[in-house]
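The letters A, B, C and D name the chains in turn, as written, and every chain counts its residues from 1.
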Amino acid sequence: MNSQNFQLAKSFVHESYVKQAEQSRKGREKLIRKLLSNRKLSKDGWDEVTIRLFLQEIASMDSNNFIGNVGAGEREARIFSNIVRERNYGLGHGIGRSGDIGAIQPKAAGSSLLAKLTDSLVLDAMRIAGLKSIKSALVVPVATGMAMTLVFLALRTLKPRATKIILSRIDQKSCIKSIQAAGYEPVIVDNQVVEDEARTDVQSILNSLESDRILCVVSTTSCFAPRAPDDVVAIASLCQSFDVFHIVNNAYGIQSRQSNNWIELASRKGRVDMIVQSTDKNFMVPVGGAIVASSKVDYVKNVAQIYPGRASAQIHIDLLITLVQMGQSTWQELLKEREELFPVLKEELSKIARRYGERLLDTPHNPISMAMTLDHLESKGFSVEFFGSMLFTRFVSGTRVVSRNNNNKKVCGIEFPNGFGAHCTNYPHSYLTAACALGMTRKDIEIFCTRLDECFQEAYEKLALQKKEEYL
Amino acid sequence: MNSQNFQLAKSFVHESYVKQAEQSRKGREKLIRKLLSNRKLSKDGWDEVTIRLFLQEIASMDSNNFIGNVGAGEREARIFSNIVRERNYGLGHGIGRSGDIGAIQPKAAGSSLLAKLTDSLVLDAMRIAGLKSIKSALVVPVATGMAMTLVFLALRTLKPRATKIILSRIDQKSCIKSIQAAGYEPVIVDNQVVEDEARTDVQSILNSLESDRILCVVSTTSCFAPRAPDDVVAIASLCQSFDVFHIVNNAYGIQSRQSNNWIELASRKGRVDMIVQSTDKNFMVPVGGAIVASSKVDYVKNVAQIYPGRASAQIHIDLLITLVQMGQSTWQELLKEREELFPVLKEELSKIARRYGERLLDTPHNPISMAMTLDHLESKGFSVEFFGSMLFTRFVSGTRVVSRNNNNKKVCGIEFPNGFGAHCTNYPHSYLTAACALGMTRKDIEIFCTRLDECFQEAYEKLALQKKEEYL
Amino acid sequence: MNSQNFQLAKSFVHESYVKQAEQSRKGREKLIRKLLSNRKLSKDGWDEVTIRLFLQEIASMDSNNFIGNVGAGEREARIFSNIVRERNYGLGHGIGRSGDIGAIQPKAAGSSLLAKLTDSLVLDAMRIAGLKSIKSALVVPVATGMAMTLVFLALRTLKPRATKIILSRIDQKSCIKSIQAAGYEPVIVDNQVVEDEARTDVQSILNSLESDRILCVVSTTSCFAPRAPDDVVAIASLCQSFDVFHIVNNAYGIQSRQSNNWIELASRKGRVDMIVQSTDKNFMVPVGGAIVASSKVDYVKNVAQIYPGRASAQIHIDLLITLVQMGQSTWQELLKEREELFPVLKEELSKIARRYGERLLDTPHNPISMAMTLDHLESKGFSVEFFGSMLFTRFVSGTRVVSRNNNNKKVCGIEFPNGFGAHCTNYPHSYLTAACALGMTRKDIEIFCTRLDECFQEAYEKLALQKKEEYL
Amino acid sequence: MNSQNFQLAKSFVHESYVKQAEQSRKGREKLIRKLLSNRKLSKDGWDEVTIRLFLQEIASMDSNNFIGNVGAGEREARIFSNIVRERNYGLGHGIGRSGDIGAIQPKAAGSSLLAKLTDSLVLDAMRIAGLKSIKSALVVPVATGMAMTLVFLALRTLKPRATKIILSRIDQKSCIKSIQAAGYEPVIVDNQVVEDEARTDVQSILNSLESDRILCVVSTTSCFAPRAPDDVVAIASLCQSFDVFHIVNNAYGIQSRQSNNWIELASRKGRVDMIVQSTDKNFMVPVGGAIVASSKVDYVKNVAQIYPGRASAQIHIDLLITLVQMGQSTWQELLKEREELFPVLKEELSKIARRYGERLLDTPHNPISMAMTLDHLESKGFSVEFFGSMLFTRFVSGTRVVSRNNNNKKVCGIEFPNGFGAHCTNYPHSYLTAACALGMTRKDIEIFCTRLDECFQEAYEKLALQKKEEYL
């Protein structure tokens, strides 16, 4: 509705009411203007009406949505299904161009704007969360693992002779696969157990760096307890000394101030070339995207340019909606709430642990995940894996159980002598992990703890019954 | 997106692409401008992107959707459920004001615009369909029956002494109820059977008009065969002579050119005060609305003003969407298609009728509904009502079966000596009706006829089996 | 997904995961089962996935949504626009049948179920809110005013000689119109000013009841201050004595425990035949529906049967979604919050009033609305109407300003010697009303009060400036 | 609604209507059952109600949508925005698991089912289109270019010493980039001009195959005229002889029977290891997905396993909706229509070409794209690039203009002596391309040709004016 149309509306509705509506409409235009000129999260989140209006506006900027447009090419964003068209707001051209995921599409000004804007807002959100030194962020419509692979592929041209990547051990297949997929050999450096924590073995990394075939070191800042986030500061210094790239897998770390601070410190004390993070876990959108960020704009550009061809815009759509709906204030609040709930979950789990002869593992460096022992339960002959599945059938998802009684295991072609899961060889406890991640509520904690308690009770009842039966 | 925001978009996306998008955006604004200035169906239907954009714009004009609005009243269009808000585009204030359904709401410029615009478009669509002399149309969010009641209530003030309404017999309860609900006594004038058709008994209506207590005559132009549409031309003349109102129940008649022509002729030759029609059947929207139209603007205004308080905007939302999506061209095409399919359905039904010893009733005046006899089938001892339910369980809906063997029946407190359904006393056939209504397709006709044929086959097989069993 | 399909799903996905999903699916079926068997609000609200699933299920029960259904009638719920179909979940048949809005439609089992279920849930919600003695509730897709008219029309048959309806004065056009629309003459009994409150003049009502032409007395329980809710207990006794119907306009009163208690008491002490209330204000859905409720099931049935023909199902859809999403717990919480916020708003307004030489009017009986004087401001020569519009342009909606300087006014053909708005003749103050209605938040109160304060400041600045200019 | 709930519904709605609804419901269950058991496109497309119901069912199988589920992990598919949740049907877990995009997720049985089912349906759709010998199809949520890269990465482990990939020249950046991104050196074999067509230079490919460092040959079956699809049969034979992989980039070729036949023939006569195609162009969904297919199931599995980590489910959602909505019949019809329209577009373009002294290039092997010369226009001094932009500003998208006057150009670090665009060196014409792709309509062709004609007219008018001005 431009001013001319508002003028016409006055022939239907009294002038003063239309004026008021026009004033409100201008308020919305102003919100959009601010967003486009500041390229930052708005102070407060937008209401749904404005968001939907903005999405419609963006969609109407793509050529397939032009009235009277005729496509005579092979890719014209024709959409067969109404259901599909509607859920995509008619956006069909995806993002990027042949040979650069960050490029502008002539046919799709709206989708291009959407992509650029999302990148800017994500950058701002990350800086608000504490990653102040990053200067460029690229949203890629592939999840973290594949995004890591893209980063490695982009680095290849810069260091073509390299064949290996050092990975401070993290027991997630995708971390190893991301290296192998890029055609590199992973050099996995085992963690050391210090007190209860599995910590970076800086000395061994140093030793591994002696080779001249190392492309980069991959450190991980967000992980399941009892592993600690890697000592990124030390690794950053080593990488600087040895002149190898340092890539940080910051998967769900944006949500943790502590994690971000370490990365910032590492950037100052040494070298952090790119950090890769998930969109879903940090911003509560569906799985499928990742962010490649750096204080070095060119590195991010390299990744954008390595990506061959176009890509889905869906990750960007979800992320843009989410970020404008959050605004600065809600984003900060969410971060704060998580930080405040973390000790609550720790305290509640401790109580249950003590009640059943277990204890919370002492993992002071992990700001998101925690673990409690299951040693006592296991010692009574109860399968801890079964204990885990008991929780799942009680509609508790996301906990992980790792038993210390592991056998040699081959994962991605690599031998892990004491099994795979505890992030280090011979971890002395069996345990259950839980995480206080973004979006968890106080009520979630309550319910989770109640059900965990019930599982323990039931487990011990089963043991008692079993004993009784054996006795008979 | 105003021009300023498009300007800003150029800092994200190349200028020329944004220009193209802006040009397209202006095309959409122009569509809206034309709609608001012409108040007529656009030549061609709008695309979905424009429609959704327009709905968002309208919604954003209501105060409950103003950013930062605070409600301090008792009715602030607060919507509890997201699902509800979304399906209503955030429109919550309904239409009309205390005491006039056509009035503008200060709090809801968008909803008010929506209502006024819908009325205008409906008026245009009706004129395109052939009702050229009408000058005002009011969409009321009540279905046809209740709309008739509103019309009678509005007329009461103009003729306060009247206590009766003459109804040319139509065997639908809501027609009788609409009179009784308004507090009037229905004087039902039976139809005459002429050849196969049940036709208006003009002479009896004339006789009934002798009383000075008559508010109006209600004629019906769309009805199930074998009833013919009323002879509105003759009735219009009578009403003029006797100075009583003539209200036409044109329920689903807009879709028929023939029906509209009769009404036009009646207006010229005599008196037609208001015509009432359904929104769902004529415009393919969900049930729930009606249109009160007239060549006399004041009469329609009277109806608007009789309506006490606000009303739902949902009928208007659906109708507006539908009319802008149709545009003139599709609306005309739909009307034409129906007209062309009508003889096709007649022909196909005739064939089946002949195949089973029945015949299509000769009802030359009914332009939408038709009927075939079930006399032969019934004579063999097969229940025609059961035959109807056989069709329904075969997923054929909408046919009606009326048996000639009817007993005295009391409907709405009125005695119908030969039952209720055939629109006249002692109709000599049992029959099945079918209609070729707006939106029926050639494929619908095919499938319907196939299933009907199957039902006949099965019915005769059952009879044969029964006979065989009896024989044994 | 029935068990057979879950079985098949196991050939795609591991058995145990499918089992878990099936268990969860059964949980949803159980929620539906409970709803259908208890016909009451579930303890806790449903999640959106269950709601959408349920709506799809209901929609799939209507014949127009049957796969392979062919329509051969004139009303087949064909929907032209995808946008319309989708927002209505494909529900197109509306509710009710020719001649009874409460009747079941053979073609539309889903819509019929929807309507019946909604009525049951509304009944439960009303009983939870305190109206414990009501036994039947009917949702009608017309707003309160028109619903009142329907009630009067339904009563007509029971007392055909009556021509007048007594209305304890309430200055809302729709209340008067609802009587006139039904063809009755309103006998308006003015209120008395007692302290600051405009209260029911019971004695005058008694006097008016002497006529034998009285259909009913209409009392109002929810209204703008300084009018008090009517003394329904006294009126109920009078109606019992005089054997006339007592209809309570409880427009937005369900949300107030106090209001409900009075109605309950009135039912016990005297006679309350039907109570009519709005769906939008009490349940936070879009405008357009009302509820006719009674402890006498037959009376409600009468209203259902007076309604001629079908009606829109949209009101029911919105209401059903809202009620299942609320559940008992949220509904009770919402009621409680409103009750708690009412004194907060009163306190805050008092403060502002004192600051500017005004005061909160003492209206102890009104549990929702309140008013503050504008006498001081007006005495300085400031237009109080303009003061009201200042608030509106500052995006505060819903306040009302009434000046004591009113002239004779004719509303709906009736003379009001001292104007229309204050609910009584010669109310001694000019004032501004505000309401603490369901859904208002603490933040709303804050913002409202801030803006009100600003308006006062600006008003006095304007006055100062004006004085200065006059002086020059 | 299980049978128990239908039973309960009978207490609201007459038994027979509920029965009919239940019968229809069973029809829907049966559709789902057939789909799950056949894993093939249903004969006819599903209606929207069934599709939405099925999507809700699938969504309800994921743990984040379980009622009462509590997440205690770091990835719990929490979704912040309602708008996002709704457009994703609450599906948040994406597809695949750490290290295998084809793996089942314990937390997300619904998403896993969705992914597997989509793969099966795509396989069936491809076989219907003519690719009868393929046995496995994997939908990957990356577009064609990146999918090619994944394929190369997956092959690396099978032939670790290879460093080069032979590409039969195709002038699209993403084709070259996809090779470089995987860390391989592209060996580009130029095409030969035979008559008007740029055809595979089989001899040169043979020569290039002499090296022992070749990973594979990449052939392309869908391309812009005047390039012909590669001679995949000859290449397949060469690859077999030399024992190198043969990867076919069949980008938008599924839609062409001819293209599919060649691939089938190539499979029989030689070797075709994997074929990669776009989801958007072949199935009319938004950009962002690709399909890796093969007659060798293990190869596809390799690609699934190379993908590190999870991925977005959005591509699968859109594709599943589209395929069930199409069904076999519509899919076949769409393919047939395209085939029938191709000669129509050719004929219409020829006419225009002749009118302006141009001609359609003779490219008998290209089944989708065609080209007409712009030689005459260019010879008059008119810029052909500007001619292209004239079309775009007239809302014709998708045509491409290539001038023969090209300079040396470096693309992706590779020199192209006569420019990049014509797919071969020294192509003797300037030309404009157009494609008859899936979804193009007869009306599109008309409008396109009208606008093209107008552009020619305007171009020659400009030239005339210019000449006149020069003369003056």
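One rule holds for everything that comes next: a residue touches a chain if its C-beta (ideal position, glycine included) is under 8 Å from a C-beta of that chain, and two chains touch if they have at least 3 such contacts.
According to UniProt, the chain labels map to these proteins: A, B, C, D = O-phosphoseryl-tRNA(Sec) selenium transferase.
Since the structure is predicted, the reported quantities are computational estimates derived from the model, not experimental observations.
Asker: I want to compare two interfaces, A-D and A-B. Which one has more contacting C-beta pairs?
Answerer: By number of C-beta pairs in contact, A-D is the larger.
Asker: Among A-B, B-C or A-C, find the interface that matches C-D: by residue number, over half of the contact pairs should be common to both.
Answerer: Over half of the C-D contact pairs recur in A-B.
Asker: Most remote chain relative to chain C, going by C-alpha centroids?
Answerer: D
Asker: Quick one: report the Å distance separating chain A from chain D, using the average Cα coordinate of each chain.
Answerer: Using C-alpha averages as centres, the distance is 29 Å.
Asker: Rounded to the nearest whole Å, what is the centre-to-centre distance of chain B and chain D, using the mean of the C-alpha atoms as each centre?
Answerer: Going by mean C-alpha positions, chain B sits 46 Å from chain D.
Asker: Where the centres are mean C-alpha positions, what is the separation of chain A from chain B, in Å?
Answerer: About 55 Å, centre to centre.
Asker: Could you check chain B for residues that touch two or more other chains and list them?
Answerer: Residues 20, 24, 48, 52, 63, 66, 68-69, 82, 86, 106, 392, 395 of chain B touch two or more partner chains.
Asker: Would you pull the chain C residues touching chain D in the complex into a rising list?
Answerer: So the residues of chain C touching chain D come out as 1-2, 4-5, 8-9, 11-14, 16-18, 20-21, 24-25, 27-29, 31-33, 36-37, 47-50, 52-53, 56-57, 59-63, 65-69, 85-86, 90, 104-106, 109-110, 112-113, 116-117.
Asker: Note which residues of chain D are touching chain A in the complex, please.
Answerer: Against chain A, chain D makes touches at 48, 51-52, 63-64, 66, 68-84, 87-88, 91-94, 97-99, 106-107, 141-146, 148-150, 153, 156, 172-178, 180-183, 222, 224, 251-252, 278, 280-281, 283-289, 306-315, 317-318, 321-322, 325-326, 368-369, 392, 395-400, 412, 434-435, 437-440, 444, 447-448, 451.
Asker: Help me check something: in the complex, which residues belonging to chain A touch chain C?
Answerer: Contact set of chain A toward chain C: 20, 23-24, 82, 86, 392-393, 395.
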